[in-house]
Amino acid sequence: MKIKVINGPNLNMLGSREPEKYGNDTLDDINKKLLELAAENDLEIEFYQSNHEGELVDCIQSCLSSCDGIIINAGAYTHTSVAVRDAIASVSKIPAVEVHLTNPHTRENFRHKSLIADVCVGTVAGFGAESYVLALNWFAKKK
Amino acid sequence: MKIKVINGPNLNMLGSREPEKYGNDTLDDINKKLLELAAENDLEIEFYQSNHEGELVDCIQSCLSSCDGIIINAGAYTHTSVAVRDAIASVSKIPAVEVHLTNPHTRENFRHKSLIADVCVGTVAGFGAESYVLALNWFAKKK
Amino acid sequence: MKIKVINGPNLNMLGSREPEKYGNDTLDDINKKLLELAAENDLEIEFYQSNHEGELVDCIQSCLSSCDGIIINAGAYTHTSVAVRDAIASVSKIPAVEVHLTNPHTRENFRHKSLIADVCVGTVAGFGAESYVLALNWFAKKK
Amino acid sequence: MKIKVINGPNLNMLGSREPEKYGNDTLDDINKKLLELAAENDLEIEFYQSNHEGELVDCIQSCLSSCDGIIINAGAYTHTSVAVRDAIASVSKIPAVEVHLTNPHTRENFRHKSLIADVCVGTVAGFGAESYVLALNWFAKKK
Amino acid sequence: MKIKVINGPNLNMLGSREPEKYGNDTLDDINKKLLELAAENDLEIEFYQSNHEGELVDCIQSCLSSCDGIIINAGAYTHTSVAVRDAIASVSKIPAVEVHLTNPHTRENFRHKSLIADVCVGTVAGFGAESYVLALNWFAKKK
Amino acid sequence: MKIKVINGPNLNMLGSREPEKYGNDTLDDINKKLLELAAENDLEIEFYQSNHEGELVDCIQSCLSSCDGIIINAGAYTHTSVAVRDAIASVSKIPAVEVHLTNPHTRENFRHKSLIADVCVGTVAGFGAESYVLALNWFAKKK
Amino acid sequence: MKIKVINGPNLNMLGSREPEKYGNDTLDDINKKLLELAAENDLEIEFYQSNHEGELVDCIQSCLSSCDGIIINAGAYTHTSVAVRDAIASVSKIPAVEVHLTNPHTRENFRHKSLIADVCVGTVAGFGAESYVLALNWFAKKK
Amino acid sequence: MKIKVINGPNLNMLGSREPEKYGNDTLDDINKKLLELAAENDLEIEFYQSNHEGELVDCIQSCLSSCDGIIINAGAYTHTSVAVRDAIASVSKIPAVEVHLTNPHTRENFRHKSLIADVCVGTVAGFGAESYVLALNWFAKKK
Amino acid sequence: MKIKVINGPNLNMLGSREPEKYGNDTLDDINKKLLELAAENDLEIEFYQSNHEGELVDCIQSCLSSCDGIIINAGAYTHTSVAVRDAIASVSKIPAVEVHLTNPHTRENFRHKSLIADVCVGTVAGFGAESYVLALNWFAKKK
Amino acid sequence: MKIKVINGPNLNMLGSREPEKYGNDTLDDINKKLLELAAENDLEIEFYQSNHEGELVDCIQSCLSSCDGIIINAGAYTHTSVAVRDAIASVSKIPAVEVHLTNPHTRENFRHKSLIADVCVGTVAGFGAESYVLALNWFAKKK
Amino acid sequence: MKIKVINGPNLNMLGSREPEKYGNDTLDDINKKLLELAAENDLEIEFYQSNHEGELVDCIQSCLSSCDGIIINAGAYTHTSVAVRDAIASVSKIPAVEVHLTNPHTRENFRHKSLIADVCVGTVAGFGAESYVLALNWFAKKK
Amino acid sequence: MKIKVINGPNLNMLGSREPEKYGNDTLDDINKKLLELAAENDLEIEFYQSNHEGELVDCIQSCLSSCDGIIINAGAYTHTSVAVRDAIASVSKIPAVEVHLTNPHTRENFRHKSLIADVCVGTVAGFGAESYVLALNWFAKKK
């Protein structure tokens, strides 16, 4: 079982970006945690990050033939991208889980609406890096 | 470490209530899973269910002196109860995690707004009974 | 065939409560009329009133195993209670009819939206005590 | 006592129009039921159907001098016609009852608002042909 | 002259609940102040607190036969409860005064709308415990 | 110079229709006043009333070749008819004046918006029958 | 009979202000027309213009004891001033007529709502200087 | 295969009506083009135009037994008529294509919403007379 | 301790202005009551009334150096004046209390929103002249 | 005459993407149809597809110097991209036609608004692959 | 070339008013900077400040004959005054530049809408006193 | 001190794109002006333009380590891109200034809302190429 972890815009800035909000972990720190957990659970895992909406769409489409599940933190595109949403819907044969580091409901109004929530299996939000871990737990268990 | 699992209105109907939407597990089935997981992780766990907004408020308030964390599926009150929200906020010294069996964003409009999301640490939604399990995982890990 | 007639908050005040709006009949007066009509039509009938949202939810849930139809005037909860709505939906095997003494559309804006209308078979509103009678007529006929 | 039963646009299509939604009864089938019930209760009854907003206004106005009550299913005009509303208000000396075959709240958003509800005595909705029957019952009783 | 002071959900948490917002006074501290003021003015005074919407409705209804005025801080129900509103309206023969510790307009949007304001005589908000005192002053004076 | 006075739905009910709102004058009474004023000012005048949106559209279109100005009280269609609006726009070579007996802004919300106001030269509203007179005055003067 | 003609902000700029929209007549030109018409009809007439909301309120209040009718073009304050509205309401013993040179519905959205329309007898809008003349006609006639 | 081309209100004014917006072609000119194209493609074609909402409903209903496809430019009723929409839905066995001469999105806000779009197969808008031609092309091809 | 009592537009009309709504007391009658209460409590008190938004802003600004507290009934400007709000905020070193004679929530929609509520310490509304008295009580007590 | 056919995000998935909604044709199948039709009509035709908003903007801009017309199915960007809209507007010397496979009005609310409709000549929507064909027909004819 | 710098309500309080938001500079400090810059650039400069909407309107109108450009910080009236907007529009022969000390988009919602932005040449906001300087730079350059 | 001037989508079309709206200057013309001004003020300056949201995000992120200030005209992304906004916020250690050639408030509604305004220091809009110049002036001065 292979899981793709897809991160959207500005998540490559983790660690230096508003640490009081997003914590001090870099994206690499998070990925290392996930690699360990994946190894323990005999899951293959791959990472992708892009600031480009179109590249994220490309990547999601490619999952159809290359992996068995998606963990996606679409960042800002969560709230504005019908294209990312349509991409997830177009590969609906493989389950996708939406994750967020922070709890979007404690932030600006324009972050309260997720355009991808209803084409994902479920959402894990607000636990920092642990949001990814919980999502991976779910895949590990349903394997 | 003691965790209170609080279920709101109509969750006592699980199993018989719209099984195509909520699955065939009863609330007891879910609680058994959680008991096992708690035992494995040396967590104490207690369950509460009520259809009454006021009883849920009483129960949440009582957590302040009786437990170390809350897992809450406030059911319909998620969307209408400022009182439940205020109760969670009034015991903010102990962390609360919001869970949902289904993904509210795939349902009616009036379920898209959570009044309690921003006074909880985070949200796990859409994974059926596993939503509770993932939430408990988080408590187990941060213990 | 057994019908449960469920009345929500403040309907116990009928007769003394704003009689120019709700008439001089008490809830007992209405119930007596319904008892007679039930007797004529060989229907069993039971009455329940509560000001408590949670008790109404409990009562609706209990109908699943104890009666064959529901006539419900949810009063103020018509407009605010997702919990009452979910309860009716969770016993959707037995038909429920929504009734109102007055016509909600002639009153305040917040009474124009019914949260329970679309999980009931139908609505009878605006005929005073006769709203209940017409609803019971429908059950009598479809018996 | 003479009752006018007025049906608005597309109700002449009943039976052939989306039968999964409106049932297989034609408007004539419904009218026959009403005629029988009227006969049993010594009520005179007359039927009118038109797809034309203006003709419905004409017909409602004419009721002032020709009958004692109106049962109206204004169909699509329920949601768009201030003219039909004003016509009902202009003959407010005789009571009008709004009926619907289906429950408008289970359908598209633009059917949730009734422009005529608050100039009618009351509403009966969602019981199919029985909606008309219950409305006629009310006239029979108050005769 | 007998005044009922009714407090809604979470007001029993005063003192421990977000003291930076609500101050350090407990509900008992406030009640003591009111008792003294009542004694000075020859007013009888009684206290009631509940987290349950339905119990507040019951309590308000009971005032009709048991007291001459109501001071009510409906807490979270101020913003969500049509039932509490209807209860106050149903005992409109005795005057009710709405009080709030904090100024709702300085807080979240969902606290800006009071459903009970227009069935009360008036509102006193933002003066902490003194809001109750001012309300009682008014009753003392109009005695 | 020939002026067409066009009246929309339910204005044929003037005199009997809610006289406390619309006064006791019938449409004939108003027309007589206008005839006199027209005669004094050497204006030809013609009257048309219909409850039918389509007939009003037909009539407005026919004005293009048959008269020099329009005084129109579109009644309920003022607020709902894009077709009447388009008809007035399609004969924009001849000026149209919008009149109302009552002041729409003192009535229901759905009467506050006029769909025809911005394709008319101007509006005269709220003066009862005098609204028509003032509009005719304007034509008399600009002749 | 004495009529006060009150003009609000920027109407003193008539003639030089956007003449393609407001025409070339100055406020003095309009006033001269009105003086003549007043003389012909044995009406006394007085003029007032101010750019100050408060001065307009003062002036309206003073009408209570000094004149028998008001013609008011409140200009920009039509759309923003509750104070002007309240002033007109406070002298409701004498009739006020709202006038506008242009048709507000053909302009920006924020000009579509009149705050004073429903405390005036009626409105005349869109006829340029003739709007004032028609309003004065009405007073002349009802004298 | 027989196609009915249905035109709504004010389309009979084409040619003389705001030619800068709708062009100089009359409805007859358009119909001639369609007749030729129909002849080339062995399609029968019939034309109907009415300014009356009810007549359009009648005509659409009659298509059920008299033709195999509908091309409809509902004009102003596109934006206001639930009755026309319901009529199209009631004959959904035969496909309907919505056409517009102009592009509604470049015009007033109230023309941006089509009530019939989602009960039609598709929409062709903005190509002037060619909009009809393209729609007929589609029928010709699918024949 | 010196308190400034500031009254906004049209409050100088009290007594003659819609007495059924505002009572028969003039502003002088109210001020006399306040003077007596101030004397009893050793408070200095000064009165200001203006219909001019700018004068009210000037007056509020001047309070910074001339008094210790403000009681303000901003009348209509409560709902429209950001300038008055900013003035109160700019003298936030001295506490301001918002008062209203009537309960704004029982009146028109545009009176439901107070622009100054959240820059005042608190609000007293709905008690007629007693609203001022209660506000002064608060200052007396906290002296 | 050279036409550019531009397809936006996820249209490369046609055939495998939700075939019950979009049919079984791949984008290549559609393009082949268009190539044939172009050949028959002596039109040059070129195809472009990208999931990247920026690449679509680049491509549209390049049309200014490289082709004579645009057929664009902007997919998800139809509803979210002001950049694509501005690009089309910036090459307004060459006509663009908006096409959609499905009828956006039968889908989610966020697909009802097209940001590009009013900078295109016209729209063809809902005919599946034939939407492109009809658009090309139009270019063929106006050549 | 003469420039008028116009400041609206509460800007006379600069320095003492919420210095953490507006800085410690007084309006005089800002004006001195502008005087120097004007001198360097051979511009005449004049200052005006008022808390009165009407006085600001008067002042703007007077600019028509007395100066060549306007720099205006309308303060609170930016968001509420159609009168100030109309005044600027009425002197549109001379350019006006809108300035703000703070960035209105980082503040309350009611400050996000500027009623004067679209009748000004441009806007400079968020640079503190430098906002005025940049605006004057622009006049200096275009001289 | 190094300043990055970042231009978003379609700004590369300046000169040819709607010159009546954007002027005849190309982006190169503007950049030349800025280079000169930078040289005069001993500022280093670099230019970047892209039509790609993701590339703009990349570029903004890279500023953190490569320059000391940002001047950004995000074009269409101003109104739709949360990603660009988050990128600016993630480099908040260096100040960013928002510029626009035209005044967005004079254009379509969807251009009235800036998603980046509140994460920038300030905004300069409406002065054509001079908007950039004024922004650079600000950096020159604060150096």
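Labels A, B, C, D, E, F, G, H, I, J, K and L are assigned to the chains in the order they are written; within every chain, residues are numbered from 1.
In this text, a contact is a pair of C-beta atoms (placed from the backbone, for glycine too) under 8 Å apart; a residue touches a chain by one contact, two chains touch by 3 or more.
What you see is a predicted model; the values in this text were computed from it and never measured.
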| item | value |
| --- | --- |
| Selected from E-I, F-G or B-E, interface repeating C-E by over half of its contact pairs | B-E |
| Copy pair chain E, chain I: interface residue numbering same or different (half cut) | same |
| Length of the line joining the C-alpha centres of chain E and chain G, rounded to whole Å | 47 |
| Chain A and chain F: spacing of chain centres that average the CA atoms, whole Å | 63 |
| Centre-to-centre distance between chain L and chain F (centres being mean Cα positions), rounded to whole Å | 54 |
| Euclidean distance of C-alpha centroids - chain K vs chain L, Å | 24 |
| Set of chain E residues in contact with two or more other chains | 52-55, 80 |
| Touching pairs - complete list by chain label | A-B, A-J, A-L, B-C, B-E, C-D, C-E, D-F, D-H, E-I, F-G, F-H, G-I, G-K, H-J, I-K, J-L, K-L |
| Touching residues (chain side chain G, partner chain I) in the complex | 52-55, 57-58, 61, 64, 80-83, 85-87, 89-90, 92, 115 |
| Residue numbers on chain E that touch chain B, as the complex places them | 8-10, 12-13, 16-18, 50-55, 75-77, 79-80, 110-111 |
| Residue numbers on chain I that touch chain E, as the complex places them | 103, 105-106, 114, 117-118, 120-127, 130-131, 133-134, 137-138, 141-142 |
